[in-house]
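What follows is chain A paired twice: with chain B in the first complex and chain C in the second.
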Partner chain A sequence: METQLQKALDELRLRILEMAALAEKAVDKALRAAFSRDVQLAEEVIEGDCNVNELQCAVDEKCLLLLALDQPVARDLRFILGCTYIATNLERVGDQAVNIAELALLLAQRPEMPHNPFMEELAETAKAMLHQAVTAFTKEDTVLAQSVCEMDARADTLDLKILKHYVDYMIQESRAVERAVHLIIMSQNLERIGDLSTNIAENLIFIVKGVDIRQTCRPY
Partner chain B sequence: MAQQIKMLSEELDFYYGSFKALESVSLTFIEHQVTSLIGPSGCGKSTYLRCLNRMNDLIPGTRVVGSLTLDGKDIYDPKVDVVDLRRRVGMVFQKPNPFPKTIFENVAYGLRVNGVRDANFIAERVEQSLKSAALWEEVKDRLHESALGLSGGQQQRLCIARAMAVEPEVLLMDEPCSALDPIATQKIEELIFELKKTFTIIIVTHSMQQAARVSDITAFFYMGKLIEVDKTEKLFTRPRNKQTEDYITGRFG
Partner chain C sequence: MARRLSFRARIFWSFLLIIVVALVLPAWYSQHLLGRELSRAARIGAEGQVALLAGQLEQDERLSDRQTLTAWLSHAATSLNVHLAYRSASGELLFDLAGPGARSASGGAPDGIVVSREVTPAGDLPAGSLTLTRSFEALSQDSVALVGNVLLGVLLTFLLAVPLCYLLSRQLAASLTGMASLAEAIGNGDYGRRLLALPGREFITLAGAINRMAESIQAQIETITAQKEQLEAVLDGMKEGVLVLDDTGRIRSFNRAMLAIFPGVAAAVGKKPLEAVMDASLQQACDKALASRESGGAKLHALQIEPEKGRIYDVGIVSLSHGHSGLGAVVVFHDISELKHLERVRRDFVANVSHELRTPLTSIKGYAETLMDTAGGDPAKARGFIEVILKNANHMSKIVGDLLNLSRLEAGKQLITPAPMDAAAALSAAYRECLPLAEAKAVSLDNRLPAEGLYVVADHDRLVQVFRNLIENAIKYSQSDCPIRVFHQVHGAEAWIGLSDCGPGIPKEERQKIFERFYRVERHRDKAPGSSGLGLAIVKHIVEKHGGRVWVESPAAGQETGATFFFSLPLAKRHENDTDVPQG
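Here is the complex of A and B:
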């Protein structure tokens, strides 16, 4: 028989998945806005961010009540703590999507920059990391979560390559300095989404295995 | 400071007639630590607690196999004086059970039974015990009134004072708060924190939160076996055994 606490935990899981779906959608839209210079899409991302923020408040309130009223222990306790961290990270993913959307708005008003394959690769890597972290949470799959942590190095490398690329470009083309700086910031936003996805994956490992692999990202 | 083993059971079996109520329980109790014994009804935790001061001897047809020591000495050795053992290993029960005597006489009882006659000594020990049980301020002006007039929480603290008057080394508590309201429960729990400076405490509780709050070590029993024992903080956050996890998270059965 499912207890009231289990029902409440299932509900909490649904809230997190709802948040994750919104955050993933926001990142996807923001990137499409940036790559296709679509101002309307960018504005939708900025307007939609309040939904992610509201869900985070709802998750926090739910966790607070569960801790106070049910005094959970062991895996239930880890799940609730993990959910508050995951909600925080998803809200920050939403913020990064907004940052990218704002840059997209700005860049749409400037001459187009030459195509940069590293930027696309980083965007795909960040999206894949976020999606895998959310899937790992849904399936409670620690192996998949660990693979997210391992992808982070690739995101860091790409971010550095993009920085180097645009620094070189700015030396050659001084008129593109402003746009290049914005693209460097966008790259950092993407790299940050990778970090936040890694945090989510690490929290899933904490929930399932009870081990804290943060900072080291060591295999548990 | 090195941790001293106060009590130790090794592969302890216990039988009620032919029924084996405990199977191969090995558990160490460290001096000045609080150990909680938890588990569903009928798991053997109270039976085990009563083995620790041979209270089960009073039940006909019971039998103990294995070893149980206090300060390294076998408490089931035929030469052991059981009255002295129960003075050293005191007990507080589920329901407060004061004698139908005055508050003073309740606490003095154990001393008198042990042959103490010095009135001043007894008066001093009664005051000291009531103070240690955090009851002195509430009863100092009515020491010669009946203990039965005290509230449930006060009666339970009186029973603790009574147990402490004979200076035990180990205090066994069998669900000491199950008949008490939350305020009285909190007072007993606060008291346990103080008492562990002097005693080694072993407590049986059905309240997981109480075990988590008061104990240093928690042991989980199921069907007469010790399933898991660990530091309380570990057991309630990262239990190793699935049965423990299922029990403490209420998914049992």
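Here is the complex of A and C:
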């Protein structure tokens, strides 16, 4: 028979998963909107962000209530603290998706820029990092969480490569400066999604192992 | 109390009780009876003895004086062990003596059997009465010995009966235990067992009832198992994924298709659907469906989810009414990705084909109208106009020709006769056809196929067409001074042939779509002349008819730009290479 606290923690976990599902979907939609110049999809992302925000408020309230009423200890306490952090990060992922969607709206009005494989790879990497972080949380898999931290280096490299690519491009084609700047911002948004995913994964490790690896990103 | 005792103990104690009753009652009764008989026999004996003594007194004349009488009577009293007294009629006590065992009756009331008799002696002695007293003490000695024997017998019988009771009760209990353990085994699921060995005829009804119960349970279990297997077979045979939720909204079970669609579901039994399918809208719909059971809302909830790109599911959630089963809802996932894909392809095709045909048609119409308006003008200008019209008409004719070609390929009407042949030769033939285009753009061919030939099983003309379409495509999108590299890899029984160009590459989103009819990566880009937009679609169909597949990597492994088109063909066997002369 599960206790009241366990039930509440389960409920909390489910809310986080719901947030994660929404955030993942938002990122996916925003990127699809950006790559296929789909204005409608971009607007869907911008409108859908409030759901993630509402869920974050609900999670925060629930966490506070649990902390105050049940005075959990050890793993339960870490889980609740971790959940508030993860909810915050997921909410920010949602915001990044909105940023990307807004850029996609802007870019859809302008002529199309040449296809850039780095941007695609970065998008894939960021999506994969987020997905892995969420999967690690679902399965409480610290090994998977660790691998998210390791993927972050690739995202950073790609971000730099994209920056360099568009700086070179701007030198050649001054007409494309505005679009290139937007694309650089998009790349940074993606890189930020990678960072946020890393935070989520680190929090999962904190929940399961009680170890803080934020500064090192090294095996505990 | 009795209930807490075991059956065996109850039998044992019952037996013991019966034995005790059966021993004690007769013993008590016989003791009573014996006492009475003993005293009766003593009285008869005493009477006889008195009669005998009296007779002697009356007959024997020697006993005429008092002395002789006393001697004789004391001898008699001693040998008979009784108390004898002789009192004359006048009340004078002539003799009073007790035997050694007999208590003297001189003091107190006589305690025993007292028998008197009137005697008229034959001698001179006065008439009187002879009194014989036999004391109870002597009597009870006899009866004590007798009762002692009886009690000893009872005790011995009792001692013998106790182990017998024990053994019997144990045997009975053992036969019952056998029955009980068998019934328990049946209860625990061993429905094939039957009760055959019985402790007695009385148990036939019970055994029959137990056996019938076991049979009926077995039959019912078999029916239920068969039904369950049928249901599972039906569920597993379904192409749609099925998820069954209990009334708290947690996953109860799922079918095989579901496991194939969402492998995570295996670990999510007993959890919410969100753990198996990361889609918030599905979870919300499930919650709504479960909530609608109370409010009596709609039974069926439908939604579409896209858990992964390109995989679209039509989800139907049927909430089940409250029952004993504890089931809440059934969720069915119907894969409509292909349907959606075809829908999009068809939509794109209609849009694209009209666009492709309208562009040259507009041109033809415009130039023809201009020509008509300026009829009889400058013949050189008119000729230029007509050339444009002809070029566009040719382009349209090429599109229509390619379309027909494609539809023939699709319908299987175009005969393909695969035979072992040299792919390198087909490549050279195709490149020769594309030479004018290549020279115009200064694009060369870097043929890295083996010089001795690469033997594959294919239709020669069709393979040339594949190469031609791919080379045309590569030339169109390549920058100048960049060779088209053709190479091959051998994977098992297949040859993978690759064509690399230095073009802008193809975004990931488009990589599947470019093989669709009329699909163009960058629509705004000016079309190269002579392009029908069908080249890759034709390539795809030809390769697939040969049992191969075609795909694109962009950028190819180890490169940062460009695209590499791969197609696979079955390799020809070695001995066929030796005998066949390369064609082309």
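Keep in mind that, in the parts below, the second predicted complex is superposed on the first by the 220 of 220 C-alpha atoms of A that agree within 3 Å, B and C clash if a C-alpha of one lies under 4 Å from a C-alpha of the other, contacts with A are read in each partner's own complex, and residues count from 1 in each chain.
In the analysis below, contacts are C-beta pairs under 8 Å (C-beta built on N, C-alpha and C of every residue); 3 or more make two chains touch, one makes a residue touch a chain.
Since this is a predicted model, take the numbers as computed values, not measurements.
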Fit-or-clash call for chain B and chain C when the two complexes are aligned on chain A: fit
Chain B versus chain C as contact partner of A:F35, first or second or both or neither: second
Touched partner set for A:L17, first chain B, second chain C, both or neither: second
Contacts of A:R78 with chain B and chain C, given as first, second, both or neither: first
Touching partner for A:P111 - first (chain B), second (chain C), both, neither: second
Chain B or chain C, by number of chain A residues touched: C
Contacts of A:V134 with chain B and chain C, given as first, second, both or neither: second
Apex chain A: angle to the C-alpha centres of chain B and chain C, given in degrees as a multiple of 10: 70
Contacts of A:C63 with chain B and chain C, given as first, second, both or neither: neither
Touched partner set for A:A180, first chain B, second chain C, both or neither: neither
Partner chain in contact with A:L103 - chain B first, chain C second, else both or neither: neither
Superposed arrangement (fit on chain A Cα atoms) - minimum chain B/chain C Cα distance in Å: 19
Chain B and chain C contact sites that coincide on chain A, given as residue numbers: none
Of all residues in chain A, those that touch chain B in their complex: 3, 5-6, 71-78, 210
Chain B to chain A touching residues, read off their complex: 208-209, 212, 236-239, 244-245, 248-251
Chain C contact footprint on chain A (complex, rising order): 14, 17-18, 20-22, 24-25, 28, 32, 35-36, 51, 111-112, 114-115, 117, 120, 124, 134, 138-139
Chain A-facing residues of chain C, complex: 264, 267, 272, 274-275, 278-280, 283, 309, 504-509, 521-522, 524, 554-555, 560-561
